[in-house]
Structures are given as C-alpha cells and as structure tokens.
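There are two complexes below, and they share subunit A, which is joined by subunit B in the first and by subunit C in the second.
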Partner chain A sequence: MSRLGQELRLFLRQRLAVPTLALLALLAAVSVAAGVTEIRRQAETIARIQPLQAAEEAVVAAWVSRDGDAGNAAYYTFHATWDRPSALAFAALGQRDVAPYVLRVRALALESQIHEGETYNAELALPGRFDWAFVLTFLAPLILIVLLHDLISGEREAGRLQALQAAGGRAGLWTRRAGLRAGLVFVAVAAPFVAGAAVSGAQAVEVLGVLAVAGLYLLFWTLVCLGVGALGRSSVANGAVLAATWVVLTLVLPALAHIAINSANPVRQGVELTLAQREAVHAGWDKPKDATLAAFFKVHPEWRDTPPVTSGFHWKWYYAFQHLGDLSVADPVRAYRRGLESRDAWTARVGLVLPAVGLQTTLHRMAGTDLAAQLAYQDRIRAFHERLRRFYYPYIFNETPFREGDFAKAPRWAEGD
Partner chain B sequence: MSPVLHIAANELRLMARARVAQLAIALVVILSAVAALTAISQGRESQEIRSRFQAQADREFDGQPARHPHRMVHYGHFVFRPLPALAGFDPGVDAFTGSTLFLEGHRQNSANFGDVRQSSLLVRFGQLTPAFVIQALGPLVLIFLGFGAIARERDSGLLRLHFTQGVRAGQVVLGKAAALSVVAGLILAPALGALAWLTLVGGAAPVAALTLAAGYAAYLLVWVLATTSISALAPSSRTALASLVAAWALSAILAPRLATDIALLAAPQPTRLETDIAIQRDLKEIGDSHNPDDPYFNAFRASVLKTYGVARVEDLPVNYRGLIAMEGERLTSSLFERYAERQFADQRRQSGLALALGLVSPTLAVRSLSMAASGTDLEGHRRFLRQAEAYRYAIVQRLNRLQVERLTFSDDSKRNSDPEAGRRVRIDPGAWRQTPDFIYRPASTTEALGAATPGLLLLGGWLALAGGLAWAASRRLERAGA
Partner chain C sequence: MPDLTAAEPAIDVRDLCVDRGGAPVLRNLRLSVNAGEVYALLGGNGAGKSTTLAVLMGLLRPAGGSVEVMGLDPATQADAVRRRIAYLPETVALYETLSAYENIAYFLGLSGDRPSRAEMDAALDAAGLQAGARTRRTGGFSKGMRQKVAIAMALLREVPVLLLDEPTTGLDPVAASDFNALVGGLRERGAAVLMVTHDLLGAADCADRIGFLAGGGIVEEVRADDGLDVLALHRRFGEAAAG
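Let's turn to the complex of A and B:
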C-alpha cells in the first residue's frame, strides 16, 4: 500500500497529471449536469402536458355531449401517451432528442399517427448531445492516452529505465503505475456519474452494471496503451500511434459500419406504407359499405349483429374502414420494423468488434434510450390504441349516446402500458 | 532555389520517405474518395427514390375518382423534399429531418421518416461524407505529419545549422507550412473531384461549389499554419503533438456537442404536442365552428349575407358550407404560420448561439459554411416546410372553392340522407388533375451564399489568427535562434 502511495505522489507531481484528470472530471461533471437537466426537463414536460390535455378534453366534451354523438367523441378526442425517461437516461440520452417522448393519438387509423415526429433543431441534433456516454466513449480514452503513452518510454527518455528495472520492480512496477493512472481516470469519470445516478434515483444494480461496462472499456484502452508502449518506440511515436488508433476505432470504423449497415438494410417501407395506408383508408369512401363492413366483421365479429348501416354516412362504417386501412398495411409495417431491428442487431454485432460501438450500444440499452426503446414505446402506443378503439366501438356500433361522464371512462395511458 | 522552396522540398522529400506519413496520407485520401463515392451514389439514390415517390403521390392524387371536394381535402397530398445537388458533398441535416410531409386540411403534420429515427445509434458517430473527412480527419493528418516539422529540427540541432547558413526563421516557418499545404492539397483533392463532378454532371451551382472549395481550403490552411506555428513554439515535439491533438479534440469533437447543449439550455423549444394544443386553444378563442351561436361565425354569416344581399344562407348563389370551410382554413392556417414562424425564430436563435462557439472552434465555422453553401442547412429544410405549407393552403383552398362554386348548399346539406344529392356532390375528377403539382424552389445562389457568410467570416477570422500566430512563431524562433 505504501508503495502505491509512493507512486501516487510521484504521479501527481507530474506536470500534466492533475490538470488532465481535473479536466476529465470537470467534463464528466458537466455532462452529467447537462443530462440530469435535460431529463428533468423531459419529466416536467410530461407532467405539464397532462393538465393541458385534460383542459382540451373538457372543451371537446362540452360540445360533443350536447348531442352525444360517439363518433364525434372518438374523432375529436386526442389521448396523450408518454415515454418516461429511465433513471439512467441522463447518462446516455440516445434517441430521446429526436424521437417523440410525448405523442397524442386518436381512435382513427393509427399508421398515419404513430410515425409523427417531434419538433427539434436538426442542426443541433446533428453532432449529438454532450452526455456522459459521450465523455466516456470519446474523451476518456484520449485522457488515458495522454497519461499512459509515455509510461515506459518516458522513463527511458529520462534515462531512468535501467535503474528502475534493476531496482527489481519489473512487471509489478508497470502494473502498479498503469493501474494507478487508469484507476484515477476511472474515478474521475465515474464519480460524477455515480452522483448523477444518486440524484436520479437509479438502482444500485444498474449503477454497478454501468460502472462495470465503463471499467471494461477503460481497461481495453489501458491495455492498448500498454501494448503500444511495450513496442519500445519513443514517446512521440507512441502518442501518434495511439491517437491514430483512437481515430480509427472511434470515428472511422463506426462511420464505415454505419454506411454498410444502412445500405445492407434499406428501410423504404416507412414511406411506402404511409402512402399505401392512405390509399386504403380513402378508398374506403368509394367502396360499397356492405363490403367494407363485412371485411371489418371478420376481424370484429362481436359487432356483426348490430343495426345495419342504411344512411349515406355512418360512423360505424367510417371507423371500420379506418381500421381496415391499418390492417391493409400490416405486412409492410412488420417489414419496416424488421428492417429497423435488423439495423439495430447488426450494430450490436459491430459492437462486439468495436469497443466504442459496443459501449454505446450497451449504455443506451441500459438507459432505455436506443432504437429498441423507441420501438417498445411504439408497441405500447399500439396496445393503447387498441384499447381506445375497443372503448369507443360499443358506443359507435350500439349507437349508444356518448355523455359527458363517458369521457372519464376512456382508457388512460399508464406507466405500465 | 529560394530558401523557402528548398525547405519545403526537403520536408516533402522527408515525408515521402516516412512510412507513417505515406500511410496516413494514403488512408485519408482513400477514405475521402470512398466517402465521396458513397455520398454521391447515396445522394443520387435517395433523390431518385424521392422523385419516384413524388411522382407516385402526384399520380395517385390525379387519379382519384369523382368525390366530394372535402374528401380530397382530407385525402391530402404528399410532398417530398428534393435533395440539393451538393448534398452528395455534405448531406448536412438531411438525415436529421424528415424528407416527406403529408399535407391535409386543417392539420399541419410533421416531416417524417428522417434517417436518424430509422438508424441505430451509429448515426451519432458521424457520417462518412467528404465534408466529415475534411472537417474531422483532415486536421488530424496535418497534425500528425506536421507537429515535428520544426520541433524535431530544433531537438536535433538542425535548425541552428539552418540559421548559421543565413536562413531566416520566417523562411523556415513558411517553407514547412508550404510543405504541409501540399499535404492539405492531397487531402482536399478527392473532395475537389467530387465537387467538380457534382457541378459538371450533377448541375450544382459553380459559385456554391467554389465557395465550398475555398472554405475548406481556408479551413485546412488554418490547421497548416497552426500546426507549423505550434511546432515552432512548443518546447519539444511531444508537447507540440499533445497541444495540437488537444486543440483538435476541442474544435472537432468537444465544441460541436457543447454547442448543442448550450444552445438548447439557453433557448428550449416546446414539444409538438404542446404547440398543437396551443393552436387548438387559440383557434377556439377566435371562433368555434361547432357552436351554432358562436359570435365569430355569426358575424361571418351576417357579412356573407350582406355581401350577397340575401336574408338566408339557402338563398346564396354559392354553397355556404364551402365558405365556412374556407374561412376555417384561413383561420387555422394563419395560426399555423404564426406558430411555425415563432418556432423557426427559436431555432435560428439556437443555431446562432451554437455558431457563436465557432469563435473557439474553426470546425463549427466550416460546418456552418459547408451546410449553407450545400443547401443542406436547417434553413433549407425550413424553406421546404414554408413552401409546403403555402402549397397546402393553396390546394386546400382550391378544393374548398370547388365546394363553394360547384356544389349547391341544398345538395351539400342532404348529401348523407338523399342518395341523389350524395351523387351530385361528387365532382368530376378532372378537377384533381388540374390541381398544380408541388414544385420546390431551392435556395438561389445568392441566398445560399448569404447563409454561408457568417461561417465564411468566422473562417476568415481564424485564418487571420493563424497567420498572426505563424508570424509570432517566426519572430520568436528568430530571437531564440540568433
């Protein structure tokens, strides 16, 4: 232990040691603060929309309940959904800056609602957010390189190497020194994260998981630094080789992988299915009503025996072709989804080879801010929309008046949805 | 041979012999070429897809059967944002904004299916485009090849030898910078090739392409001068490397992300949902078309009746229901416009704040210039949104006018109860074919250059600063060497 203390004193006396570590700790702290602020803002937005939504619903209820037309109630009432950030989201904001985390849906065809985007400044989204995952993935390795590139070569260049080797330190000495520096880097980057996690109420297991992944990632870079250092080149050459390695592993190869994955998995179905769904829904107006209702009753036989539609327009028929429009694109919807999942799966595979990608994939999975989380939110919206439809159908098909009190009976978005 | 040329030639000879230098240059040139090829082919492909979808949407609109005009208002129209020619060089925010917009009556939808939401988080590692290669990787190659240019010679005593032979320090700095500029030229070459191709074959505006070429040349020159100067000023080549890599990391990696967070913190934007609700609320305050006794719509009816000199809406020579639809659309559209302009102003303020960080990062300056000159900045997307909204309003009102003029009030009122009336309200589909198609008007060259000006000015400032640094480095070297 005293040996380690000795090394610590030696290390901290170096000119670059304290400023470098302090810089990393500062950047990590700023990133955590920024992440916590952003997540708090998102949580506030979610809290704020609920009274707004209730007020709007009251306005709709006031005029709809006058004649109690259930079709109008289903048509004009929006229902809010939201995707609450996880306790770890502050550390890896992921897709939450471009994908909606609040979305309203109606009981109309869902495919024309669920792909709606959020308003955001694309110029700011382009470089990505300054979150803790970024500091760990991109900046921490650079700091490790600064501190470790001259571990051995620096002593050689100072003429102390032989003396050190002769003193019998051998492998133990270098392990101790490298371990000390890597450990300090880990502490500098991890401490702000732990503080942020405590503020956000993350569970100990989650925190330990993130710390383990972060530790592995830093261990990888420590070993790379030591490996390059062991080749016996000068400090300058080591620094250059390590920086080049960093560029290739964290910038060049991920960008190449991105191009490869996206061109190998084209996803055009998104636009195709919205175009097709609109055709299907609007063709509903021109098709014979009986045919439309017959097709609908195949899916929902429970409404088969309700009074037939005789007039020019009836909500039954309208909501039937809305739903049939969604069903008509079920295949492209699945294909679109498979394309997205395949992109994600390939990214995870790339992550097995490229540590930076692996780290980002793991962190965003743990934080629930990746593409899979976005798709899971969409699944919950689909399930909620199904409940909405089934809530309005009895009123519409049985032609039951929809009264003011009925608005409160509508399904509500719940965290467990 | 002049001493400057002599020094430059020597430095180049040295680089040509060094394995690392060969490798670095080859790597970045290959990368740049790969980026240019993929960006151009991807750009062309997505442009083809978009025009195919646009043609399909136009065809489907024209091919709709006889219908009530209001059905067509809800059938709506899809428009696709065309990709500017120079997107093959710098796609800018293209992947981060949806490229398709569904236009319908009384609703303003979001542009959807941007690549960012269809990609894994890899998209955040940066996209391999010619612009990215030069912005992020170009400076790094210059640093690796140039950090030792002067520091090394001072370490080895060669510099002193130069001075005793009567070479001035300024000539050494200039010569080394000239040699490094040749490397910068090599890095730039594939991108210039791509620009030439996009101009000659892709039909890009030559002035915009020249602006891009000049901007990137200036950007690399800043790094050439900075690298040479730091190499002269730093106490050792190791310190030179460390400070240059730190400067690069700050400029290319740290600053863009910090700029994002600072701008978002300073000027947050409401979510789409809140804006939607706010618009609905404002609309209700003006007038509620669902309320039969609404003062606004009562006044509207009174003014219509007065204009036509009749007592009842049934006696109007036009279809009153159509007039209501037109008035409603006018109201919602004015609100959409007001909220959109507010949102655009917010975004401009955010982007302005982010660009202000270009004062500490030449990369931010060149990025802004690059996207603006390529027509792929956010202003380009806003231009699309604005034109699409104008088009939406135009076709919706055109369809509403058909309802006003071609349908009678009595048919329109009993279209659901009387099958004959229901048949008569479906008008001839020739009207759909006569509806004009959406034609996007891209930024003019003047507008693009105007948008590129702030970035250009910032880069000019950086160039002056780097020049000043080189001059200071020469002075100091001169004094130390004498």
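Let's turn to the complex of A and C:
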C-alpha cells in the first residue's frame, strides 16, 4: 500500500472522519439539489411565459383590431422579457434570489416597471439562500478546521510526534496528511457540484473554473490551519484560534465591510424611483397638453409635425407624458445605478483581502448572478422597450390604424436581447 | 547492520551543551555508545536525559560541543540520522485504530520501507508479541504489547542505533524483565542501545555501562563487568545526584 493509501486508511479509521465528510457531502448535495430545483423552476416559468404571452396577445389583438386604435394596442399589450439562468446559476443564486428574472413591460413609462419588481424578500435577502456557494464559503472551512486543527498537536498530545519524526515523518508527512484531508474535503464539496453542473449542462471549462476557485479557497483555509498549527499550541487552543479566525474572516469583517460600503455609498431604494416616476406621470394629467407635448417634441422632434391634439384625451398626449415620466427620473436612475455599481466595485475590492467575500463575488460573476448581470438585464429591457416605443409611436403619432396583422410585426424579446 | 569498530562509536557525544528556555540543561556532556553495547543513562527528573535523546534525533540544536550518530551530525543531517535510529518513547503511542501489522506498515512506510507479512511476523516473533494479537487494533494493547510492536519496528528497520526513553516505567516486573531480555537480544544483533531511565534495577539487569547524569554531565560511569551491586549503585546514584 502506498503512503497515501496508508494515510487514507488511517484517516478513515478515525471515529469522526467519515461522518464529518459525509455531513459536508450531504449538505453540498442538498444545496446543489435546492439550487438545481430553483433554477429549474425559473426556467420552467420562463418557458411557460411564451405560450401564455402568445395567447394573451391573441385576445388583445382580437379586441384592439375592432377599432384599430394603436394607443389601445400599445397600452394593453404586455411584452414578456426574461433573463434565462446560466448553467452555473444553480451553484450561486446571487441576485436571482431577489431580483426579477421575468418582467412583462408595456410601451408606457419604463423605469417604474423595472423597479416596482424589486420587492425584496427580506428574509432571503439577509442570509442569502442555502446554495452551493454558501456551503463552500461558510461550511467547508469549518470542516477543514475540524480535520486540520490537531494535525500536529494531536500527534504531540497522543505521544506519537517524536516517534513519527524519528521514523522520518517530517514535512512530507504533514504535507501528505494535510493534502489528503483537504483533498477529501474538496471532493466532498465538489462532487455534488459536478453532478449538478452535469445535470444543468454546464461547459467543462466553466466547471473547471469554479473548481479552481473552490480549490484556491480551500487551499487558503488549509494554509491558515497549518499556520496556526505550526505555532505549537494545543489542539484546543488551535481549534479556538481557528474558530475565531473563521468568525472574523467570514462573518464579522464582511458584515462590517457591508455596513461601511453601504454607508459610504448611499443608494435610494428602487421602489423610490418607481414612486418618483409615478408621481411625475400622474402629474402629467394636470399639466396643459401643449406644455407636455412641447417638452416631448424637444426630445422627439420627428413627431412635431404630426396631426395636432384637439380632443380632451389623446394617446399622443398620454404617451408623451409617460415618456417624460422616464426622463424626469433619468438622473436619479443614473445615480441609483452608479451607487449600486460603486458598492459592487468596493465589494470586489474587499474581496481581494477577504477570501469569503472574494469567493462569493467570483462565483456570482461566473454564474452570471451578480449585480452586473442584473443591471445588464435591465439594460436589455431598456433597449427592448426603446424598440417597442419606436414600433408603436409611428402608429400613435401618425394616427395609423393598428390592425391584427400589425401585432406580428411588434418586437419580440429574444435570447440575444 | 553496519559493522562498527570500537574506534568509531555509534553514538559519540563530546562536550555537549544545551540550553532550554535560557537555562543550561546539559554542560560538557561526554558520552559514547558502541555497536553491540547497551548504555543506561540514569538521572533524576530534569537532569537532561530526554534532552540528550532529542539532540541525538536532531530535534534540538546544541549550544556547543559535537554530536555524532553513526558518523553523522544530527543538527545538520537529521533525516540521515533518523534513518539510522529507532526511538522508543516512555509510552509507545501507536495508532489505536490500526492493527499491529498496520502500525508497523505505517511507521516503516514513513521511511520508505515496505516489509512483507512474513518479515513482520519474524520481527514480532522476536519481540514476543503473540500471533493472535497482531491483527487486533492496538487500542486495547497493554504498554508491554505496544513496546513489543515498537521493538519489532526497530528490528525490521535494522537500525544500528536504538534510543529508549524510560522504557520500563509502568511495566510490571515480569514485563520489565521480558523487556530487558529483548534489549539484550538487540545487543546480540549488534545494535547500539542508549536507554535513559530511572530504573536502576533494569539498568543493572541489561546495561553494559551505566552513566549517572547530574549537573548537566556524566558524574560517574560504571561498567557491568565491574560487578554491579544494585544497592551500592543506588547509594552511588544518590551521591552522584547530590553532587
């Protein structure tokens, strides 16, 4: 039997070795199963939307085509958008927990439509969901500490240390022993991930990337354990120091950093933007039509020379003040986004010195579930919404009848949007 | 086992000085053990017996003097020295979840040795561990049984030097006598044995020479062929320890 084989036998004969590893593997498997289930649910929701969208559109088309009113068509037709999860999203759910991944928009004022969906589940937003990233970030280091805190001190306390050293067991022995234990922890946490990735259809290079990041994180904790063990204290002292290190590095400092970043980068709630825009839009009802249309024609002069609004209500005027509602919150929306991006950038900087933070941000980025992915989805919605406006405005401002066949010409959300 | 001439002691300690925690423990210790010789180093608590062994294994660096084990300096050639020595601590601690066979395979594996089952049986026969115990986990072994496993490891490694740290402490008289007989067998195989002990009777039973360690050095040394009288030794030990 090889030396590694002997180490493995010795390790597996320890009373708590197998139960400890089995517990970690079980937790990792449960987290992967929960992640896969959640992502599958999201994917199924997205799949269900498309036929429902077509059915609803048919109903609207049948009703609108009776009088051909383009304003009605634009008002009553919801257009589904969605943010399909990546194949790795199951492992690190990130923003997909709390941010909308499906949004049905109309050609009305957009920003309130985007931000009214940000109704965070406070219970989920605080601790985060129990996903694989959570198990890797918080639980795997604890298991490593359990398995490595007495690597050398345990031998000293058992009276075997001198015999081991005299038998030739020096750096090679500890490297082999620590490497084996860390390797088994890695396997326990990585195997369920690989299974989940296979089920989700992740690319091999993506899987390898995540495994490399996980390996580096576990290597960091292994080195911390070895470093503390090298101080020559008792197993109890090593365990206490390592537990305190875990608390500080994974809980206390990230929490303090979170508070500091949020305090230094104050950001309004998204729902405040919704409210601000709603108020601006509703105020449009009370403003003179000419003033509203004049403000609109400043930004869209191409519609200035269309037939004038003479009636009490006209869709031109309605869509103009909807449009102006978006413009009224353009600055707060930009500030909101800058604030979020600033927080994100500072979090990334903190991640350079706090491995737990760095791991989480890296996994969320790799899984496409980070803030950047969420903002990118919003950008795609804005671009799609702009296409909707460009599609409906010629009908509305030129007062062109909107026929049933015109529905088929409307922009459709596509995977590439 | 290497053949050593009398001119090249297996263990050669000259003017060894060791400080621990800023306090001197050994001062100008001179000691030599030849192949096929059992040397018992006696001394009171804190006299520096175990410190001497730690220096011989390269676990402590001396503050002065020279130390050679099989012609090698433990301070600079620790790995090479450790390949040539077997060390039995006061309490032989084996891996309790492994059997005697598995412990031997593990500890010998650390230095790259892979003894066959037949070789292990031969060594365990020589050490006196009954066959029925060899496949049992050592968690239930007595101190004497654990020592026999350790002796078997030393025999398998065919090391020329054995360092024994208080080997008979806690053994009943029969087991202590068995152990002393085992040590005698090691001498017959040509090993140089350095045994640090409080056990004057055991030392008188199996040692070729006995050194009294006090004040950081050997204050008196007697030879077995001087005709050892244990009671007289006991008095001399007390006188030596008192300085």
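Rule of thumb we're sticking to: the second predicted complex is superposed on the first by the 390 of 417 C-alpha atoms of A that agree within 3 Å, B and C clash if a C-alpha of one lies under 4 Å from a C-alpha of the other, contacts with A are read in each partner's own complex, and residues count from 1 in each chain.
Operating definition for what follows: a contact is a pair of C-beta atoms (placed from the backbone, for glycine too) under 8 Å apart; a residue touches a chain by one contact, two chains touch by 3 or more.
Because the structure is predicted, anything quoted here is derived from the model rather than measured.
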Overlay on subunit A: subunit C relative to subunit B, clash or fit: fit
Which of subunit B and subunit C A:V146 touches, first, second, both or neither: first
Which superposed partner A:R334 touches (first subunit B, second subunit C, both, neither): neither
Partner touching more residues of subunit A, whether subunit B or subunit C: B
Touched partner set for A:V357, first subunit B, second subunit C, both or neither: first
Touching partner for A:R3 - first (subunit B), second (subunit C), both, neither: second
Partner chain(s) touched by A:G159 [first = subunit B, second = subunit C, both, neither]: second
Touching partner for A:Q14 - first (subunit B), second (subunit C), both, neither: second
Contacts of A:K298 with subunit B and subunit C, given as first, second, both or neither: neither
Closest Cα approach, subunit C to subunit B, once both complexes are overlaid on chain A (Å): 16
Common interface residues of subunit A - those touching subunit B in one complex and subunit C in the other: none
Subunit A to subunit C touching residues, read off their complex: 1, 3, 6, 9-10, 13-15, 158-160, 162-170, 173
Subunit A partner contacts - residues on subunit C that touch it in the complex: 54, 57, 59, 79, 82-83, 85-89, 91-95, 97-98, 102, 105-112, 150, 153, 163
Residues of subunit A touching subunit B in the complex: 16, 27, 34, 37-38, 41, 45, 48-49, 52-53, 55-56, 59, 63, 80, 94-95, 98-100, 102-104, 112, 115-130, 134, 138-139, 142, 146, 150, 235-236, 239-240, 243-244, 247, 250-252, 254-259, 261-263, 267-268, 270-271, 274-275, 278-279, 282, 285-286, 311-313, 339-340, 343-344, 346-347, 350, 356-357, 360-361, 364, 370-371, 374
Complex interface listing, subunit B residues touching subunit A: 20, 24, 31, 34, 38, 42, 49, 53, 56-57, 60, 64-65, 67, 71, 74-76, 78, 92-93, 96-98, 100, 102, 109-128, 132, 136-137, 140, 144, 148, 237-238, 241-242, 245, 249, 253-254, 256-261, 263-265, 268-277, 280-281, 284, 288, 290-291, 343, 347, 350-351, 354, 371, 377-378, 381, 415-419, 422
